[in-house]
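Two complexes, one shared chain (subunit A), two partners (subunit B, subunit C).
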Partner chain A sequence: MLADLFDPAFADSVARIAVPILLASLGGAICHRAGVFNIALEGFILMGAFAAVLGTFMLGHVFWGVLSAILAGIFMGLLFAEFHLRRPGDAIVVSIALNLIGLGLTTYLLRSVLGVSGVFQNEALGKITEINLPVIESLPVFGSFLSGQSILFYVSIFLVILLHYIYSRHKLGFWMRAAGENPLALKTVGIKPTPVKLLALVLCGVCCGLAGAQLSISNVSLFVENMSAGRGWIAVVIVLVTNGRPIPILGLVLLFGFVDSLSLRLQGFGFPQQFTEMMPYIASLVALIFVSIRRMKNLVGMRGYDNG
Partner chain B sequence: MKQFKFLYFLKHNTVRYFMTALSLFFILLLLLNLADASFFEASQAFLKSAFGGRRYAYLYVTISRCALITGMAIAALIAFRAGLINIGGEGQLVIGGFAAAFVSIYSGVTGVPGIILAILSAMIGGGLWAVLAGLMKLKLGVPILVGTLLLNYPARYITSYFVSHPFRDVASGMPQTLLLDKSLWLPFIEGTRLDTGFIFILIVYGFVLIYSHRSVPGYHAKMTGLSIEFAATSGINIFNTTLKTLAFSGAIAGLVGAIAVLGIHHRFTDGMLVQPLYAWTGIVAALLINLVPWAILPAGFFFASLTSGASGMERTADVPKEIAIIIQGIIILFVASRATGIASDTKNKEEGN
Partner chain C sequence: MFAQLHDISVNFGEVRALDSVSLDISPNQIHAVVGENGAGKSTLMSVLFGLNVNYGGQIFINDTRKTWATPSDAIKAGIGMVHQHFMLIESMTVLENIILGSEPNKYLGFLDFQLAEKKISNLLETYNFSINLHQTVDKLSVGQRQMVEILKTLYRSAELIILDEPTAVLTPAERLDLFNSLQDFKNAGKSIILITHKIDEVIANADHVSVMRAGQLISSLPIDGTSQTQISEEIVGVSKTKSISRKKIKAGSVKLNLSNLDILGMPQIGNAFNLEVKASEIVGIAGVAGNGQSELIEAIIGLRSSKSGFIEICSRDVTGADISTRRDVGLCYIPEDRQKRGLALGAQLSENASISSLVSKAFSKGPFLRKTKIRNFTEGLIKKFDVKASSPSALASSLSGGNKQKLIIARELSLESDVIIAENPTWGVDLGAINQIHHELLSMRENGHAILLVSSDLDEILTLSDRVLVMFESELSQSFCTEKVTREELGKLMLMKASDKKEQKKINTA
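Showing the complex of A and B:
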């Protein structure tokens, strides 16, 4: 039975499930550390996924799809910035509104522009190029995990390392952290916190746009209404649990990918579908409870976002 | 305290409201243009489907929808005023709806006692679901926002499992429970096609007005919402206030679920309370009026007519009904862009000014 569970296809599905959540969590982490409480990741991803499909379909190549996904993400980020940074809108309220707009607009455009309801599928939709690594390919378990993934898989791993480097070594990372932890200190050294937060939102848009692209034109090549299906919320929880640190995010996301693929597998052994679908949320809750208990003991709160 | 002076605000921001309305109108035109619909035709369909119809059939639909949305808005408002960002209304609603259907089918009690029993169990179910999030906050330190949100999904999937397997009406092809006994259906009001569900919401509305403005627990909750430190220093038991407020909020969400089951659908179908986004619309309505209790009913009616009208536009003018969701989002963006805040204290602290 164990051999049935953990075969190369399993390792492959862990990676496929993990990449969108990883990208979205990184986007959320950038915002979190810059002091922007962005819980609109769900809406960001959805817009990215739709734009990727629309761009690929209209312009004929996956490249344009990815580009339009990034642009859609940036658009959402700018919208967030306009209402949260330039105008004094509350981050939670703006997030709720953007989530609704993401859901409404993608479904509306799906019906009015592409003319279908429910699922859009077309032969013109391709998939993002998948890369086969020559030697690693033949490794026993990790071969199918590390090789044969879409470019975005490697991009997201690179982003984790880059982000880790920026936050620990680079001036920009210090600015971004200061914007979240102590804006006054940032002002004292002559840098305005608001542009730094704007940058964080734009970068978050890029990440979430890529996450959407991975969902709609890499894992599959179609668009379904409400395709993100709660992944944005799981990313929010991951960001809260890890406090926005890139390396722990990678670990936790892989754990989620593992749990999720496992529950998909268990469905094949007769477990009801509802329980396997519920697993990621239960896992998030458990992770959150563990971290919260530890933080309560250390008397360190959740950095000012604690509204209750 | 500015947030409670709604009319004052309206009077002094006329230009701003006009510009908002104007930009909303242009976005609307753009969206309608994308769907190849004429503005005139679409608005006619909108009005007919929101307030008209043969013997006002559509108006009654709008009013029953208004009851559900207002109920969810009240549930959100009560928690938000106490500073508890309960965005898990959806889970509480679903649990309440399922509890009502389950109890009324399997308890065997019929007639008015059965209705009362169903409503009570729905309120208890919804309340307990909300209290669970409160306990996670108080005992384990999980933020209310995330705790309530994450509990939405277990509620959705557990009830989905129940109606797909153990308690399914096998004869029907859908994942749903058996049809309720006729004696448990909320009766129509004399001479109309309007179920009595909205009367329950009117009662709750009156009760909440008294609760927020004239009662000690309501005052404690409001004080906790405005400043938790001040409330704690004044000797208010934060633990009790949090749990009581959440239980109240969840119970109302559960009641809404019961009304939807007993009054409209007469059974529990998988996804019937999640798909129409009742809970999110309720939150949006509560935010729109900036948590002013009396305004919750007009706001609920506004969003109900928006949703009803949009589905009319879909039927006759071929405009996807999701236009209602987009408009809700845009309205909230513009409304949120004035200084509001369920968490404005936190924000000021963060910006260091």
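Showing the complex of A and C:
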């Protein structure tokens, strides 16, 4: 039975589920570490997914679709910056507004520009190029996880490593960490925190745009209303649990992809759907419990406010 | 570096914070700037460091006129500042904190850690500093954090270093190290500006002293030939200093009683605590900060629970009771950290003043607040304690440090609780306010209140207390009669195990 469960198709589906959440989590992490409480990832992704379909359909190639998705993400980042950095809007309020705008605007444009409601599907929509890696593709199980994925899969893995090094060895990473932890300290050494936060929002837009593109022109070739379907919120949770550290994010996203694929699989084995659909969320809860136990231990060690 | 501030004026709204202040800073000198809270010292320095750019007047560095758009211009011109509240990123290492904002580039913005480490190691060697560059800052002591701040300025090749209240948070030994380093910088040709309240430190270490009062420069003189009394008089202006004397009163019944109290989470494993404070008595707990004093206070006020033993307030057992029960029985608390525990900074003065007694009938009618009563009450406190505030509806954050402290003390003492816990009540407060706070505490004592005073300022303890205990490594020494013990003896105890009974006996019989 195990061999039936963990076959190449299973490994492939882990990767496909993981990539958009990974990209969105990285975007969220960039904001989180720079001290911008961005919980509008859902709206960012949705705009990216729609722009990817629109760009591909209008301009005739997935390259333009990916580019449009990036631009749409940046647009959302700039919108966030306008209301939260330039004007004193509260980050939570701005996030809620952008989530609603993401849903409303894509639904509206779907009707007014593409002339359909609910789903847009067209033969002109392609898929982002998938890369087959020689040798690796013939590995058992892992071959279909590591090979044959869209370019964005490899981009996202590269981004995890890049981000890790940027935080530990690059001055932009230093500035972003400082802007998040103690903006006044950054100011007193002569770096203005606001442009650093703006940069974080723009980079978050790029990542979330790519996440959207992966959803709409790689995993499938269509746009469905509200197709982000909570992935942005899962990314928010992952960012908060990992405190925005790239390597743990990768681990947690893969765990989530694994459990989610497993739940799809188990449906095929006759497990009740209501049970299998719970699994990813139960896994998240368990992860949260572990993390909070560890944090509580740290807190008690530091200060003994034990009776409230 | 020669730095000249010429005719600097700053207005905050309608308040004139600085009024045509001119100051000359020379190299090879430690230049002390002294004055009360709100005298304008910090404002003047924020102008010099480029944090405040809305000012009138001119800045000259080595005879060239300069204007700063941001602190980075001032940093480039060779000015460094060690802020009173440290500007450090806790999750970063010492090395990362030092180079933040002036990172050595390797390629594409990636950092050259080796170059940075070499440069910093050279500095450490030159000035005899010892610190682990790869330790994260959150694990450092206050003194070490200050060293990191100083290294930040040295790393940027500062020729003029401004230190804002650098000794307020240091232990005596750390203070000594700091002043030794400052002498080294001075001998290396740097200029030092030392902002402080402590006149004895100025006399002992500075070369030049400038006194500020109410936004004006009162005097600027070389330290030779200037006396301590002269400086204090200039700081305070008209002689506000009243002499402090404790009347002889017989202490009454026990108001606060700790019996074999074993507190959770003490920094070191200590013995159980036994302590009594009687009516009309001030009991002082001396000791270097971080030896368990704050944990002891938290246990008394109910922020921290205990493993065994009990606490009695006014002969009532309150060991497991919550904070409000303890306050009802008769406890009030003047916290050390006025920003975090003492006040709600974003709330109005009247809200802050009434918050301890909102449930009382005087301020509420059913679920509603009696705004006028609260306002009148607040105005009364402001007047009685001479809190400098525009109105009861001003925000607490608009008060200067000393006035915040006065407001807290006014509020807590107005409760007329039997037991008063005062934790470093004059920390970072100016001379005039210190005097006033001391007088208020003494008059509470005369009115029969029991006061537990925890302070790292030995002079304060000796001036106010009837009995004094020393806390070291989470243990309390036995109690001494203030008249029968000397500064030096207490100083020794502050660095010695309380269980070392021999030494204690020697002092006791002396």
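As a working rule, the second predicted complex is superposed on the first by the 292 of 308 C-alpha atoms of A that agree within 3 Å, B and C clash if a C-alpha of one lies under 4 Å from a C-alpha of the other, contacts with A are read in each partner's own complex, and residues count from 1 in each chain.
Quick note on the criterion: a residue touches a chain if its C-beta (ideal position, glycine included) is under 8 Å from a C-beta of that chain, and two chains touch if they have at least 3 such contacts.
None of these values were measured; they are calculated from a predicted model.
Asker: If you stack the two complexes on chain A, which partner ends up touching A:Ile92: first (subunit B), second (subunit C), both, or neither?
Answerer: Only subunit B is touched by A:Ile92; subunit C is not.
Asker: Should A:Leu240 be classified as contacting the first partner (subunit B), the second (subunit C), both, or neither?
Answerer: first
Asker: Taking the superposition as given, does A:Ile191 touch the first partner, subunit B, the second, subunit C, both, or neither?
Answerer: The answer is second: A:Ile191 touches subunit C but not subunit B.
Asker: Check the residue A:Val224 against both partner chains and state whether it touches subunit B (first), subunit C (second), both, or neither.
Answerer: So A:Val224 meets neither subunit B nor subunit C here.
Asker: Just subunit B (first), just subunit C (second), both, or neither: which does A:Ile293 touch?
Answerer: Once the two structures are laid over each other on A, A:Ile293 reaches subunit B alone.
Asker: Is the number of subunit A residues in contact higher for subunit B or for subunit C?
Answerer: Tallying touched residues of subunit A, the top partner is B.
Asker: According to the stated criteria, A:Leu262 is in contact with first (subunit B), second (subunit C), both, or neither; which is it?
Answerer: After superposing on A, A:Leu262 lies clear of both subunit B and subunit C.
Asker: So, A:His170: does it touch subunit B (first), subunit C (second), both, or neither?
Answerer: second
Asker: Could you look at A:Asn182 and tell me whether it touches subunit B, subunit C, both or neither (first, second, both, neither)?
Answerer: Touch partners of A:Asn182: subunit B and subunit C.
Asker: On subunit A, what residues does subunit B touch that subunit C touches as well?
Answerer: 182, 184, 187, 304-307
Asker: For subunit A, which residues count as touching subunit B in their complex?
Answerer: Residue positions touching the partner: 35, 39, 79, 83, 87-94, 96-101, 103-105, 107-109, 111-113, 117, 180, 182-184, 187, 193, 230, 233, 236-237, 240, 272, 274-275, 277-278, 281-282, 284-285, 288-289, 292-293, 295-296, 302, 304-308.
Asker: Please output the residues of subunit C touching subunit A within their complex, sorted ascending.
Answerer: It is residues 51, 70-73, 75-76, 81, 83, 87-92, 96, 99-103, 105, 109-111, 113, 152, 264-265, 295, 298, 302-305, 322 of subunit C that touch subunit A.
Asker: Can you check the complex and tell me which residues of subunit A touch subunit C?
Answerer: 165, 169-172, 174-175, 177-178, 181-182, 184-192, 300, 303-307
Asker: Give every residue of subunit B touching subunit A within the complex, in rising order.
Answerer: Residues of subunit B touching subunit A: 31, 34-36, 83-85, 87, 136-137, 140-147, 149-151, 153-154, 157-158, 160-161, 164-165, 242, 277, 280, 283-284, 287, 319-320, 322-326, 328-330, 332-333, 336-344, 346-347, 349-352.
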